[in-house]
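Before anything else, here is the set of structures, which you'll find just below.
Look at the two complexes coming up: subunit A is in both, with subunit B in one and subunit C in the other.
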Partner chain A sequence: MRQERVLGYALVSPVALFLTALVAYPFLSAIYLSLTEKIVGYPAHFVGLKNYATLLESGRFRAVAWNSFVFTAASIAVKLVIGISMALALNNVVRANQFIRGILLLPWVIPTVVIALTWKWLMDLFRGLINVSLIDTGLISSGIHWLGDPTLAMASVVIANIWRGFPFFGVSFLAAMQTVPQDLYAAAEVDGAGAVEKFLHITLPSIKSVVAIVTLLSTIVTLNDFSIVFIMTRGGPGAATHVFATYSYELGIQSQRWGLAMAASLASLPLVALLIVGVVRYLHREEE
Partner chain B sequence: MRKPMPTLAAVVSVLILVAVFAPASGAGKLSLWRLKTYIPPADKILDANAQECAKKVGVELAIQTYTFDDMWTKFTAAIEAKTLPDIAELDAVGPARLANLGRLSDVSDIVAAVSREQGTVLPNAEGAVKFGGKYYAVPHYAIPLLLFYRKDLLTKVGAEPPDTWDEINAVSEKVKKAGIQEFPHGFPWNRTGDGYDPAMSLLWSYGAAWVDKSGKFVGIPKGPATDAIKLVTKPYLQDKTAAFDYLSWSGSTNNESFMAGKITFTPNGPSILFQEDSTQHPLRKDTAIKVMPKGPAGRNLALTFVMNWAIPVDGKAQKDAKAVVSCIMSRESFTRYVNGSFHQAVPLFGKLLESDYWNTPDGKVIVDTVKMGHPVGWPGPTTPAAAEVISSNVLTDMITRVIVDKASPETAIDEANKRIKEIYDRLAVK
Partner chain C sequence: MRGTTLARWTVLALILAVVFVPMFWIVVTSLKTGRQILMSESPYVPRPFTVDNYVYLFEESRFALWIRNSFVTATASTLLSLMIGAAGAYSLTRLRYPGRRTFGALVLVTYLVPPGLMFIPLYQTFIRIGYTDSLGTLILAYPTFLVPFVTWLLMGFFRSIPRELEEAALVDGATRVQALVRVVLPLAAPGLLAAGLFCFTLSWNEFLYALIFIGDDSPKTLPVGLSEFVVSDFAFWGQLMAAAALASLPVIVVYVYLHKYMVQGLTAGAVKG
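Moving on, here comes the complex of A and B:
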């Protein structure tokens, strides 16, 4: 019995070591650094919550936090709607189903850098395909400032993010929809249920766990997104699209203030933790 | 069942031993990190020179490159991990930052040797590499930021090449009114060198530096800075000769927009000339350069894009590294590089500037620009604090606060001064 226990620990230890080295250590190290005054090249000095207090006092950080919220909430909301629509449509497609799924997955498999550069070019004031097309068709007389107007710039980075992320939603929801027993739909039809009723009372309740998990995962990824914003706008114009990741980069790499940068990047942690706890509790309740 | 454990332990132990005792780099091997410029043929010459020098010294040289955008990502990781290369080409603020950390070797001997052969270091380039009487980097070259303009469009609207910031605004208005271009004023106050370099030149030309001659923080003076900010925000807010999109440009978008014929003016290094020459661009004949504009306090240009050779103390083969740098900077090797740089690399040792290579209309403008330049943190020396003012985009943020957030210039200046003071309080010079 004892030998088996030892063997059990031995078998688990590589994974435990791996997780400690690659997940726990960097995470705990980041938390520690956020509690220090750490400038690149100098030793870290423990300052408690000073970095967080500095950030809270900073109007710039508050703007960054608001931008991050808008960027994430808008992206997730639209990705949810498009993802469900995509899944519903594909669920009913019989011919060329695999091919269409493959095509729709493309945005998700293309490297983010390529996506960001492509959208940046599409939205260029002078040479962008969108403006050129709109001007050539006579719909507008001069180019739209997609990346220059503060509101439109935020909308533009959100659009690029949605384009990259919606296939993940669609494919996940489709997989969940395909596990829903067809008998339920047949029974509902006998009871006279229409498409909307079937969606609201059968499909949605059946896939809600997947919806919750996909939304949670995507929220975490979107909240920490760097490439799209950095490549398309560098956080500009001004600080109109500056989000947690680009702000942390500015603080950590350009200004060499690692302590403050860590605090800025961890600032969203309580929100993410709350979301995770909420989703896990919800799933647990559903399971019971 | 018991056998796997000792086997696994043995394998792990061997791996650990290999990792611990493996040499960081083999004997006779040096690493060199350099900037990847917008002039690939010049980069090729530099690499060939460096390899030739390594061969002479009897070492193997591994060259890695970085761009202006990722330089500090690479160096930040290396500073912390104590894995800086044997030879590092650093930007204008790199020597100040690394020397202040005690991570650079004294290279005064190399500078003295190069000076004997090529003349003394230009006084305006010294502030970026000489601290406490010692040189911590050898000035390699400067990439001056010039005012690019379209001479054909200026002729069309009957305007002379502008000499002041006001004149750029006025000519831009004329071009717009003539219906030639919608947004001719291509000055991007963004988070790239095309933003912060002109921002310094602008403020200094209005007498609005943030430090005194000793490098001590005194704050951006509100009166002249307000005038300067009002002037450069006017094209965005009133004249509508500049598009808000310019504020989100990357380092190369202004080159592309200029070469696409969409803007009349833009600040840039000589790389536009190279790109137009090498592609036989139709706008080459209409492209002209001028020294950046002057303000009420004269012409006080920033010399931001200066590259310097440094020998980090991390390297174990200091002598070999110094020998390679000395060889790269020898007259024969360096002249070959400069003359192949399409006027992008301007020497910072006096005698080479007298060469015939610079005796062309464009060459003269380029050399004049470098001679008139001041280091980051002027009128004081370059310091880690001055470096951070630039790298944290304080100056361009000040301008965009007025353009994008519609803050008053006075409020934007107050905010900038608060940020700069915090930086100077935190980063005292050792």
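Moving on, here comes the complex of A and C:
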């Protein structure tokens, strides 16, 4: 038994060392740095919660927090609707199921940078496919300013993000639906239940925990998404699509205001921590 | 019944169209001449089409170098993460010692910390130890999200391998390490393969860390190289879409051949269905 313990610690130590050095340490030092003021060329000095106070007072930061919320809530709501429709449409289709599912998952493996660039090009004012085809069919007479108008720009980054993420939702929900015993549906049919009733009373309760886990995971990632916004709009026009990660980039990498950048990075932490606790609890419940 | 069948295929057709159109636009644009793009001539199917954009990538841009850099980074960080993660997952599922449950939970927590929150803290750490601007930086940085992921995924796989097989090997006189190498690892091979493919895809596609941690020109990876094709609001869309198609190709090939394993991994580990 002593031998087992020694081997156990020995095998787990690389993970432990690695995560301590490159996750725990950076993270803890970030918390400390967010309490200091550091400008290049001068030593850092402790300023308490001043950076957080500065952020809360800044209109730009409040816009960023609101944008992150809108970006996340809109993306997830639509992904849930499309994901569940996709899973329902694919469920019990034996023929072609594998093939269609394979094609539908492609957006999930394509590099995010490619996705963001492609949508930027699709939405190009004069030559993008969307405006060109809308004008060709006579639906509009002049091009829509997708990435130039504040509201449309937010909608555009949300659309690109949905395109990237809904297949994962759909395939996860489908996997959950396929574990529901068929005789439950048969019994419900005998009792005269229609399609809607079967969905509400059998399907939905059975996939509830998978929906919850996928939603929580996606919320954590979407709240701190960088690539789509950075490539499509750089946070613009103005600050209309600026989100947490692009804002920390602006403060840290562009302005070199590290204390403030750390505080901005950590601003979503309380919410992220809550969501993480949610996922951990759900996964543990699933295991039991 | 006929109503639901119709609804089902309508939904599928719509979703397939939505997935298909952007990919179609990538390929179509990549085969257009500069003039066709600029003047919106034959926008839907280029006539005549050209492969000049692809030729340009290899002859007049650093595309080949970016591919090489991405390949080296993705392969090295995948192997590193698999080794560290497999040892950790085995230890956390098969061996008994104090603190093991707490540590397993901590690994899951680190798996959930998003890169968008970690990039500035991690960049500061690399600056402090004076190790930025090298592919090595990325090879060390990517396992910060790959190792927790591999560990978590493989814990699910190791749990599904019957303990009796391993115990039989121990009774026959094998040591723990021999039992791990000869019995457990071969049985966990599909899991290792799935984890490796995920890691490779995640590293190949990674953009944020590669953008921030590397300032020099030479060690740029593919996603960063692609993003810099767009200069302010002007872009060479033909060349860019050719590059986009080629950048997606390896992960699509990996996925088409092995998506069975990837979907298996998806349901067995990360997201339990």
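Here is the rule we use: the second predicted complex is superposed on the first by the 260 of 288 C-alpha atoms of A that agree within 3 Å, B and C clash if a C-alpha of one lies under 4 Å from a C-alpha of the other, contacts with A are read in each partner's own complex, and residues count from 1 in each chain.
Criterion: a contact is a pair of C-beta atoms (placed from the backbone, for glycine too) under 8 Å apart; a residue touches a chain by one contact, two chains touch by 3 or more.
Predicted, not measured: the structure shown is a model, and the values here were computed from it.
In the superposition on chain A, A:110 contacts subunit C only, with no contact to subunit B. In the superposition on chain A, contact is made by A:268 with subunit C only, not with subunit B. By the touch criterion defined above, A:194 lies against neither subunit B nor subunit C after alignment on the C-alpha atoms of chain A. In the superposition on chain A, A:240 makes contact with subunit B only, not with subunit C. When the two complexes are overlaid on their common chain A, residue A:41 makes contact with subunit B while staying clear of subunit C. Counting residues of subunit A touched by each partner, subunit B versus subunit C, the larger count belongs to C. Legend: residue contacts after superposition of the two complexes on their common chain; A:153 is shown touching subunit B, with no touch to subunit C.
Once the two complexes are overlaid on the shared chain, A:142 sits against subunit B while remaining clear of subunit C. Contacts of A:276 after superposition: subunit C is touched, whereas subunit B is not reached.
When the shared chain is aligned, no partner comes close enough to touch A:205: not subunit B, not subunit C.
The residues of subunit A shared by its contacts with subunit B and with subunit C are 3, 7, 10, 14, 124, 126-127, 231, 252-253. Subunit B makes touch with subunit A in their complex at residues 1-2, 4-5, 8, 72-73, 76, 79-80, 97-98, 101, 103, 182-183, 190-192, 243-248, 250, 256-257, 260, 262, 388, 391-393, 397, 400-401, 403-405, 426-427. Interface residues of subunit C facing subunit A in the complex, by the touch rule stated above, are 4, 7-9, 11-12, 15-16, 18-23, 25-26, 29, 37-38, 40, 43-44, 83-85, 87-88, 90-92, 95-98, 100, 103, 105-110, 112-125, 140-141, 143-144, 147-148, 151, 176-177, 201, 204-205, 207-208, 212, 222-223, 226-227, 229-230, 235, 237, 240-241, 244, 247-248, 251-252, 254-256, 259, 263, 266-267, 271-273. Within the complex formed with subunit C, the residues of subunit A that make contact are 1, 3-5, 7-12, 14-16, 18-19, 22-27, 29-30, 33, 82, 85-86, 88-90, 93, 100, 102-107, 109-115, 117-122, 124, 126-127, 129, 132-133, 163, 167, 170-172, 175-176, 179, 195, 210, 213-214, 217, 220-221, 223-227, 231, 244-245, 248-249, 252-253, 258, 261-262, 265-266, 268-269, 272, 275-276, 279-280, 283, 286-287. Across the complex, subunit A meets subunit B through its residues 3, 6-7, 10, 14, 39-42, 124-127, 142-143, 145-150, 153, 231-240, 250-256.
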